[in-house]
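Structures given as structure tokens follow.
Shared between the two complexes below is subunit A, which has subunit B as its partner in the first and subunit C in the second.
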Partner chain A sequence: MAECRSPAAAFADRFDAASKGGALRLAELPFLTQVDIRVDPASPAAKDIGAALGMPLPVAPGTTVISGDVTVAWLGPDEWLVIGPEGYRFDLLRKALGERHGSVVDVSAQRTTLLVAGPRARDLLAHGCALDLHPTVFGLGRCAQTMLARAQVVLLPRQDGLLVLVRSSFAAYLAEWLLDAATEYLAPRL
Partner chain B sequence: MMLLIPCPWCGPRDEAEFHYGGQAHVAYPENPAALSDEEWARYLFFRDNPKGAFAERWSHSAGCRRWFNALRDTATNEIHAVYRVGEPRPVTS
Partner chain C sequence: MRRESGGRVDRSRTLRFRFDGQDYTGHPGDTLASALLAGGVRQVATSVKLGRPRGIFSAGSEEPNAVVQIEEPFPEPMLPATTVELYDGLVASSLPGQGRLATGPDPARYDAVHAHCDVLVVGAGPAGLAAARAAASTGARVILADEQPEPGGGLLGAWPADVVEGLLGAEWATATAAHLKALPEVRVLARTTVFGYYDDNYLVAVERRTNHLGAAAPAHVARERIWRIRARHVVLATGTHERPIAFAGNDLPGVMLAGSARTYLNRYGVLPGRRAVVFTADDSAYAAAFDLADAGVRVAAILDVRPSPGEALAREVAKRGIVLLAGHVVTAAQGDGQVASVQAGRHRPEADPAVAEHAFDADLLLVSGGWNPVVHLFSQSGGRLRFDETLGTLVPGDSRQAVEVAGAARGVDTLSGCLADGAAAGERALGGQAAAAAPPPVDVPTAGGQAFWLVPASDYAAHFVDMQRDVTVADLHRATGAGLRSVEHIKRYTTAGTAHDQGKTSGLLTTAAVAHALGERMGELGITTFRAPYLPVSFAALAGRDRGPLHDPVRVTALHDWHVANGALFENVGHWKRPWYYQRVLADGRLEDMETAVLRECRAAREGVAMMDASTLGKIDVIGPDAGEFLDRLYTNLMSSLAVGSIRYGVMCRPDGMVFDDGTVIRLAEDHFLLTTTTGNAAAVLDWMEEWLQTEWPSLRVYCTSVTEQWATVALVGPRSREVLAGLAPGLAVSTADFPFMTWREAEVAGIPARVCRISFSGELAFEINVTSWEVSRLWTAIMDSGMVTPYGTETMHVLRAEKGYPIVGQDTDGTVTPQDLGMSWVVSKKKADFIGKRSFSRADTVRAGRKQLVGLLPEDPDFLLPEGTQLVSTDVPATVGTVRGGAPPRTVPTLGHVTSSYRSAALGRTFALALVSGGQSRLGERLYAPVGDALVPVTVTSHVLYDPEGTRRDG
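After this line comes the complex of A and B, so read on.
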């Protein structure tokens, strides 16, 4: 079997070094299971998928529901992203949908997940993101698809920072950008 | 200059997140086979070009990826209204 190598694996050491100062914590959370669900939110199928997830699909734009280690993020009025740990069994979701109109697709390889945490996490992201990231408007339970440094990302707030879901082919670019933008938070004060 | 476009789903976002889709409410001909070449060309290529309010399609391609309509003033770039596909063009003064 081929060896699994995550898109930002080459940045692990530099992420670690950047995390030493205490202002920031950068890391890749590789190989999370990501499942794209498309279904009419008013349909019985949506209800059954919610039951299989153990939480309803969030219908308000830009919101997430979290239960244990599984997050369901709103991507569109009939589209959601389920993010679970590596090896998360999503066949239950496919079974819940059955033959009805909709889709449950494994998109784990499409994006990798970068963790941007620490007290300056939101300041760092603000260098390349036009959204208001203040925790009072963009805290736990929110999500957004937007541009970060001209790369398409999904932003998911966490307790002490944010998850940045980025396309695998953009991961190296975004990792370089994050490390570059982080410089001012790492340099010793003069 | 950058427009701030209020996506009807995601709220106000940078213009860079959107793609433009041209004039809205251009109905597909009921019976395309019955059209003359000239009528077909008119349907395909001829669009209004008003100075003032213009109903146009936008796609929030870097966000929720939904198409929606916007009523934009072509002279001032002011966006008077946005509305979802299937909703009627709002009346603005």
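After this line comes the complex of A and C, so read on.
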């Protein structure tokens, strides 16, 4: 994807600088494959898509299943977001669906992925997210569609922080917001 | 004055500050109020209406009097001096009741944080600390918030010598808070006032983080922080406020709440006067009298309204040689600018006016009418308050939220009682079933106070109730005399309780005085509603970081940086920034003006080739066997008949038949469509589709997915666009025959996989090239590299579409316009059984003559540009109103419509406009007038299609 340009590409240097102090790690994880799946979870098609994914589509609200470098996040009773590495073969999912009713739509460029990690990651997000992000409440295996500041996001907890999936057009706004919110965590403590 | 020792101030360090132009000093640990008292300052404010001198009445946030203006380091109006922590370099001044806002922007940061906890404890006095510790001992997530800089509450001033668990009270508080802070799931917030309590145990607090550092506050730390807290359970350990008593001259500097004087002595090491008189209805003021006497203040007398304070207290009084007059009241405090003498007389319980029988020289008059639990937050939570006849005050009753009140805030008045009550509340907060159990009843108070509010007099003009608003008992009598009975009405009639302090000292006193005047019981009258905020909160804190560029999100396309670098000015469309026009640098170095730029861009599109970033259009992927049927019901025209590979324009209406949105529908496969929406309506259209699918037509097998930002769109427009496209997409057959209007093709353009659509929003030959938003920069650059293409912005797009009479939903429509009104009857299917809006097209109102219809307007002066929004009138209206002068229409005439779009056209060589005009289609050729300023501008009504009405240009 050398000839592609990711939505938060212009922030790479500032994210790097903000990641130096040890409190936070900010980065864009560009060009991940993202696929929106709509299908009746009780249908054989859903089962076949699960088989193609190597894991079942999660049916509990606000949960994810993770297998290797692929995450499937529950977005609604009949909607999931698959996040995989660049080049992930989502055409196999389409093939698994076949001619049956459902949709497998490439939305890789619809949102970009920001990594917010480090010891203060959750504190940083708490400035703009009304959800309880405590690891016991919102740990690995959870996901949420919510607002971060004034942008819609999908939040996915990771071992050391969270992934923030944001609409490409909001990426610059959110990057500025995150860097501004980080001000206090980057300078020496009071 | 300051004592040699004692108190919790750090005498090893000196802070300099200035008040009303005079220099003073204080110490870390001081408030501005304690430092002023130490400096001998008596008057710190002037009252708002009467201009009376006012001093320091309390030692906390209930302060009604000592409201000051901070001048430096940053101007802040109306802060109670009792809540301002002293810092070096503080400059403040007294206020005549009103403050001054800063004239420059506030350079400090402010922010907000969301927090969640199992238990929120409000107040870090003995009850609050005990509650937090009990709750935290189970590993629960606990937040303890206290408005003071250090924990302890009453332990800091009222109970300074008491020992808790082997430690002096204040030391115990410090140690307990430190223990809590060290726990991983506990957050201790000092200098934090919880000021609002809302439904679902959502509370809002403000933390003052660097205010106390003055100019030394680090710039990167938010000065104040708003905490938005969601708590499973709340324990309110908010303590008490001492009650004042209304008597003549009770507002003079030197009159002070007894417990506050004790706090100044014990916490700040300050003697608030030299010679004191104590006036009380309660035992607690004796402790203040004894502490002050023991510290060297001459206590001239204790006037106790009760028949006797009891033997133990009487003995202590006698031991100190203090005169005790039981059954006496203060009839007046007198003095010039401050208390100099106190008149006293026997209390007559029959409410007869008391007569002065004694006079005492004094510069300090301590007052205690007993204590009011601080029930503000409890009341805000929806909790009911109960008037306790024994305590003579409001106490918390039931609440519908998971909250309970602990310690003094529910009438417990001993230290050991508060500690036990707090601990029990903390345990119950986590106890599941036990949490539902009501807290045990409070024992009858040991202090045996007598509710006493008001010294009867013949003249109440100087019995102050609300000192900040200058409301006296006489004012309340004027209200009751005018027939008012409700305390809410009296509050609004007199303004009592409406000041910055929200009536913390005046609220119940008002009720008491009204009850006294009406001969009713206080419990019957109640009290005015407690509302957030508990304390004044600055707008800067509430705004937080939502200001400047972060005030509202800006959405940008993947080409935004290119637009910026190439001279684009931007137009706001929803949250989007769209290039408006590109400003070139002229040969002489000046910048092109807008008119020149837009004419140039229009000419390029009509005569050569131009391109626009159209990525902001909403895009929705629609899949399913019933997708065609679904779109048939959604759009006014037929979509299911669209051939795969083709494109159709469509209009959506609301059920009222009014235009809601428009766009194109592309059929990608038999069961697969991609539709576009207007930029501003992308989310609304998707919501609309989901609403119908989920609530009305769940049987339709259709899935919708937003792909607005997956795809970026470049509109390549103009007679030479085919030539440019052919150069970039050698594999694509671009001739009219191979690639007809309103079809799409997949192709590689500049080596990028693309979907190319032959859609035109300008009437010219045009191609819309869709690629992923990751790759559009490359596409755009490749097109620019052809050297033939002029980029254009939204203004040119508007001119081009208006010349063709294409409406913009939301600009040429306003929710009262049907497709027929827009001259688009052709887009409304006569064949379809039903679609959203169909029934409304047979309503009388939508078929009547005289509806406003879209037309073109040509000003008779071809250089005159009509302002958009201009009203249109006719000369043919009957002159029933106004007068006709010189052929002009009457001064008052009905409007026929208004200008919706107005531009200067390069293609037409003149100005033109679109307008909604009553019966417009039947007025073609008619002359109307547009009142612009004082002039009536003549215009001719024309068809809304002004350019190439035959459509000869669309194939190039």
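We take it that the second predicted complex is superposed on the first by the 187 of 190 C-alpha atoms of A that agree within 3 Å, B and C clash if a C-alpha of one lies under 4 Å from a C-alpha of the other, contacts with A are read in each partner's own complex, and residues count from 1 in each chain.
Here is the rule we go by: contacts are C-beta pairs under 8 Å (C-beta built on N, C-alpha and C of every residue); 3 or more make two chains touch, one makes a residue touch a chain.
Values in this document were obtained by computation on a predicted structure and should not be read as measured data.
By the touch criterion defined above, A:Glu3 reaches subunit C but does not reach subunit B. In the overlay built on the shared chain, the residue A:Gly84 is in contact with neither subunit B nor subunit C. Once chain A of one complex is fitted onto chain A of the other, the partner contacts of A:Pro157 are absent, as it touches neither subunit B nor subunit C.
Of the two partners subunit B and subunit C, more subunit A residues are in touch with C. Of the two partner chains, subunit B is the only one touched by A:Thr146; subunit C is not. Of the two partner chains, both subunit B and subunit C are touched by A:Ala130.
In the overlay built on the shared chain, the residue A:Phe31 is in contact with subunit C alone; subunit B does not reach it. Legend: residue contacts after superposition of the two complexes on their common chain; A:Asp180 is shown touching subunit C, with no touch to subunit B. In the superposed model, A:Pro58 makes contact with neither subunit B nor subunit C. Common to the subunit B-facing and subunit C-facing surfaces of subunit A are residues 130-131, 150. Subunit B makes touch with subunit A in their complex at residues 9-11, 13-14, 16-17, 62-66.
The touching residues of subunit C, counted against subunit A in their complex, run 109, 111-116, 141, 209-210, 218, 220-222, 228, 230, 545-546, 549-550, 552-558, 560-561, 576, 616, 621, 623-625, 701, 703, 705-711, 772-775, 777-778. Residues 1, 3-7, 10, 31, 36, 38, 78, 101-103, 105-111, 123, 126-132, 134, 137, 149-151, 167-170, 172-174, 176-177, 180-181, 183-184, 186-187, 190 of subunit A touch subunit C in their complex. Partner subunit B is touched in their complex by these residues of subunit A: 61-62, 75-77, 79, 130-131, 144-147, 150, 152.
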